[in-house]
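Presented sequentially are two complexes of chain A, the first with chain B as partner and the second with chain C.
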Partner chain A sequence: MASTSAAHTAVPASQPPAAHKSPVPMRPAFKPSRRKTALTSPVAYLFVFPALAIFTVFTIGPTIYTFVISAFKWNWLNTSQNKFIGLKNYQDLVTGAIDPPFWSTLGTSAYFVVAMVVGGTVISLPLALLLQQASRVFVAARAAVFLAHVTPLVATSIVWVWIFNPRYGLANLVLSWFGIGNIDWLGNSQFAMPAIIIYSLWHEIGFITVIFLGGLATLSGELSEAAKLDGCNAWQEFWHVTFPQLRPFILFVVVISSVSSLQAFTQFFMMTSGGPGFDTATLGFQLYQQAFVFRKTGYAAALAVVLFGITVALSIVQLRSTRSIDTPS
Partner chain B sequence: MSQHAFSRRNFMHAAAATSVMAAAAAALTACGGGSSAASTSSQSVPADSNEPATIVFMEAMSSGAQKEALAKMTADFMAKYPNIKVDLQEQPDYGTLQTKINAQAAAGTPPTIAQVYGNWADEFAKSEVIVPLDAYVAKSDDYKNFYDGIKADLKLSDGKTWMWPFNKSVVVQYYNSTMVPEAPKTWDDFAAAAKKASTNGVVALAIDPGSSSGPAGGTAMFEILAQANGDAVFADDGTPQFTKDGVVKALDYLVDLKKAGALVLGTKYPGQVALGGGTGAFDISSVASYPFNLKAVGGKFTMGVAGLPSGPKGTANQLAGTNIALFAKATDAEKAAAWKYMQFLTSPEQMAYWVSMTGYLPVSKTTLDVQTFKDYAAKNAFVLEATKQLDNAKSLPSKSWVNQASGSLAQALTDAVNGTSSSKDALSKAQDAATKAMKAAS
Partner chain C sequence: MATQADHSVSHGAVKAQGGRRRWSLSVRMLTAIVVALVFLIPVFWMLLTSVSADGDIFTFPPKLWPAWDWSNYARAWNASPWMKYFSNTVLIAGCVVALTLATSLLAGFAFAVMRFRGRGLMFLVVMSVMMVPQTVLLIPNFIIAQQLGWYDTYLIQIIPWGASVFGIFLLRQFFVTLPRELFEAAELDGASPLRMLFSVAAPLAAPSLVLVGLNSFMGSWNSFVWPYIMTKSDSVRPIEVGLQAFYGTEGTDWTGLCAAVTFTTLPIIVLFLFLQKYFVTGAYGTQGSVRG
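Moving on to the complex of A and B:
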């Protein structure tokens, strides 16, 4: 085998002798050698440089800059008036000195994230099981479900504001058929967040369903057939055969839903402006409101650093879940 | 090739260090530089050199008659002064306008002039990005003819004049004359008429309180009611005083209307939508809503317009709309050109045209003598009544925290009207939040 012989010649002198003695690890010995050559070549960095430069200017630089701003009482109109205040913005954050208190914002975010993750998974998984059949009707249904996800958030948010209109909205019309009186969906503290969650689920379940459909397509049919032969009913087959195989996909959905829900902004901006009061002011919305409405740029930067930390933690979980999808047990 | 000369680790370290240095350099530059203070020339009126100049006017007159009228006035100005080019940079709404001005000022490239609210101007003045106009107004003949309320509105708490008037309005009542034959004269009459009209699916009044990000018309109406009861929601220095008797009574008044089925809260101009759709009897809104309300009604019935009812302590109103601020970064030639343009917009002839097209109010008394205005007022008698209020109407104090504090008031209004809190408790909570906002801003 050509590749095997090449591997022999490419093994560096520093490679432990055991690697040469083993008859099997020829490919592993070949891989690091080639990778190392690529990474030590200045030409390779020349190719990477444009992307890295853009990433540095538009992502890494601003991220570091955000950390800097969070240590200042920042006046963006006249930066000569900026004042270094160290960790004061973080202190305000922990003590709740600024309205709305940080812990309350975190609670509002958690409410939205949990509802989106649980709701999205619970609705999308049965939907995917239903739509996995390959008939024309179900393929059309898949497209229909996914269609909501590709609609623009701004435009559909405005449509849903009218659906939730307390006097003329479709939502209250439907409720009136069941004898339920008018609800001020977006103006009432109790209903504002559920209303936004309903809209957000409508927008997101198409995407999650497609991920589950992809997962279902990779499952082993033999295990299901064996379960049926052993007398399993549909529920037992799902719970004991299908569901365990889907776990990596469920974990993936949980992580990406958490990250995207944490960073959600448009629907809050368009539908409630964070209100009533601060009842729908999540962490993502608060960044905007503190920086651009209340002009507390330094405090907003501190919020951004916290959001960054949470997102990094979730991204690590996401990376691990992706690996577990690549290498299913 | 030596691996030590260019290792991946070295490269990544170099990239990271470069990023940190770039950010640190940017931060240091930002800390040390920034917008310069108003130049010496900004303290006096630059000489009119008739040099060619291009000025940028950032504004939010982006639709309907407002857009059309401003475009024509600007074209007329450029025809009169061919050496001056005015670049109208229109924004879709005031929120976007504020964001754009801030972004450009932060980048060191603000417009020459822009529409601003008083609380924006307060922040701009403190940050030294706009120039005071005292020296300018001292030389203006038109300024002397401005209504007293307008003159007061151009000043900030330091007593200096920082703005020049543009689109000013007060609040009036629009009503469906089929449901309400005659405009109520007092707020008690208004409540009685509203309750009487609220039958067969009609809810007489729909208002939008706004949100924590900013109050809307419903909160403005509440603030006017409180003032008519003898207690302004803010003291002159901007201190919130939401728990005063007159304020609590104003909120109780709205709660009572809600309980009687004569009031509903909504968003996106709910009063205009309901009045136009025949499901509302009143819309309490700015006089500048006139063309929009007429369009919403569409000739289905006769829409009456009248001044606001009076309360126990007389008639109260709120001066609304924006002024124009001149930015410090402009060159002397641009400042001189901008000053000419600002004066042109408020000259009696131009102002009369502006009023007749948009429904805004004339800022100077001499405008009332122009034939265009006389013709307009002959068809719309309410304009004269509304204009009289320009001597007394006051806008909210020009303090940077007032918008956030009014957001707390909007929340109190929502809570009390929805029945989740008593008027007193809701206002007490709002007072605490507003005081917190004031302290944080100070």
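Moving on to the complex of A and C:
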């Protein structure tokens, strides 16, 4: 491949296309043969064009545009009134001048992200260990757990709002069996976030479990056999044999759930609208609220830049973890 | 003698272990069943509420045996233009799937099999797109949609989702594994790249295509925040946005709401039950195109 690209760069673009396309360096240019050139034909550019065009217009361009918008006091109704204000939006971010203060939004996000990452891993890993056998009962249980992940967020958020109903909900019925009185789940600043976390875990655990199941399937059976022969009990085998081999998958899950929980929007929109007050207004929700409800577009773009920065940092960690999944040590 | 003793001891140990293992298997199965039921409780609860009499649900503790009042479904169905929402969703998801398959096949094939200048760089650009969260793109794309005159149209719900990093990546990975002789033979026969792609490569990629298609179908069907922001009329809005609007206006009609959630989610659940294998395999990829 290196030699082909060298040949390409050596031939100026003005040369006849047949010579330009040829993968064989010494072939006479005056006798163009169509036969052996199909795979080096510039048609390739037409092949990648549709995808690249969509990405350029709707992802790459807009990403750059976000940075631009974040430097303006953006006028929603009349863009000719936009005023360049440099880093003022970022200054508002750091000083917490705009309600809710950025640092409290970041704290709310951290609460949600940490709960999702820790809860997701701590519940899904034992679940994967439990369900890894191929017998029918376990396969059916896997389907039941994964089904939750398949459901649309809008639809099942509605069901869970009903479950968390302060007077007639299922959640309070379960609590009443333990002698605990009614809780106003979504209307109480202490319980609103835990309620959303419970719903989100219900929705995500099937997905994380499937990743761990994939990880468990790659483990070496020989090591477990050796551990058993050496007289390890189940816990020792897990801790000294299975767990170290699963470590890259755990890192993968940690990164992937951090990224998705940081962006989470729909369940907050449906279940609490960021409330009570701003108690469940995470970064993903704030971005929407500032831009489309409060019409502070420039400030919201600055929030988007922060979200983008954190995601890129996490994605770099993820790329490393994927690489270590490909080549297990 | 010593060996004999050893033998009998180990035999006993194996027997005991076998018994313990059988016992622990049934405990594991029981645990698995309980876990499955716990995860299904919200679904049961939804179905139960959807066929309860309106008066029955506003009691505490709730009644666990419903009145089988099916009129909730009729009431919910007549309260919103669901047929329009459904046909919009099918139209949008269908176009997104077709477009995604086409762009993924073309780009995946070019990146895997064809040789052109800038291939590595372009592939890097495609992969880097994965890092950009959708929420970041809402604000600029909302402005771009208005500038293009695409606000409140089908187009803004279809075109931006017509290319998928997951699709390109998966198909490229698949085409790379095909033997090069396959394409060199076709090349000698004078086949054009397009012909090679559609008569040689694409049929072999059928399982990957199902995965990519399903992934983008689910993404499209379940999407909410994008169509919610990019549209305002019922005539172009999809099912989840319609459901949210219904929730906004009928927020306390819980029996009707649960009925609406049931009939809007049923197609997805049926699809899942039929194509489970692909859903699970696709789980790794869904995150790349996950949509709120």
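Definition applied: the second predicted complex is superposed on the first by the 283 of 329 C-alpha atoms of A that agree within 3 Å, B and C clash if a C-alpha of one lies under 4 Å from a C-alpha of the other, contacts with A are read in each partner's own complex, and residues count from 1 in each chain.
What we mean here is this: a residue touches a chain if its C-beta (ideal position, glycine included) is under 8 Å from a C-beta of that chain, and two chains touch if they have at least 3 such contacts.
Since the model is a prediction, treat every value here as computed from it, not as a measurement.
In the superposed model, A:81 lies in contact with chain B only, and not with chain C.
Of the two partner chains placed by the overlay, only chain C lies in contact with A:259; chain B stays clear of it.
In the superposed pair of complexes, A:186 makes contact with chain B only, with no contact to chain C. Of the two partner chains, chain C is the only one that A:130 touches; chain B does not reach it. In the overlay built on the shared chain, the residue A:281 is in contact with chain B alone; chain C does not reach it. Contacts of A:45 after superposition: both chain B and chain C are touched. When the two complexes are overlaid on their common chain A, residue A:294 makes contact with chain B while staying clear of chain C. Shared-chain residue A:272: touches chain B; no touch with chain C. When the two complexes are overlaid, the chain among chain B and chain C that reaches more residues of chain A is C. By the touch criterion defined above, A:167 reaches both chain B and chain C. For the contact definition in use here, the residues of chain A common to its chain B contact set and its chain C contact set are 36, 39-42, 45, 52, 57, 60-62, 65, 69, 79, 165, 167-168, 292.
Taken together, the chain A residues at the contact with chain C in this complex read 1, 4-5, 8-9, 23, 34-36, 38-48, 50-52, 54-55, 57-63, 65-66, 69, 79, 127, 130-131, 133, 135, 137-138, 140-156, 158-160, 162-163, 165, 167-168, 170, 172-173, 176, 202, 205-207, 210-211, 214, 256, 259-260, 262-266, 269-270, 284, 287-288, 291-292, 297, 300-301, 304-305, 307-308, 311-312, 315. Contact residues on chain B toward chain A in their complex (touch as defined above): 1, 3, 6-8, 11, 15-16, 18-20, 22-24, 26-27, 30-35, 99, 102, 105-106, 123-124, 127-129, 203, 206, 210-214, 264-268, 270, 273-274, 277, 279, 400, 403-404, 408, 410-411, 414-415, 418, 420, 433, 436-437, 440. The residues of chain C lying in touch with chain A in their complex are 28-29, 31-33, 35-37, 39-43, 45-46, 49, 57-62, 102-104, 106-107, 109-111, 113-117, 119, 122, 125-126, 129-144, 159-160, 162-163, 168, 183-184, 186-188, 190-194, 196-197, 218, 221-222, 224-225, 229, 240-241, 243-244, 247, 254, 257-258, 261, 264-265, 268-269, 272-273, 276, 279-280, 283-284, 286-287, 290, 292. Listing the residues of chain A that touch chain B in their complex gives 36, 39-42, 45, 52, 56-57, 60-62, 64-65, 68-69, 72, 75-82, 97-100, 161, 165-168, 184, 186-189, 272-278, 281, 289, 292-296.
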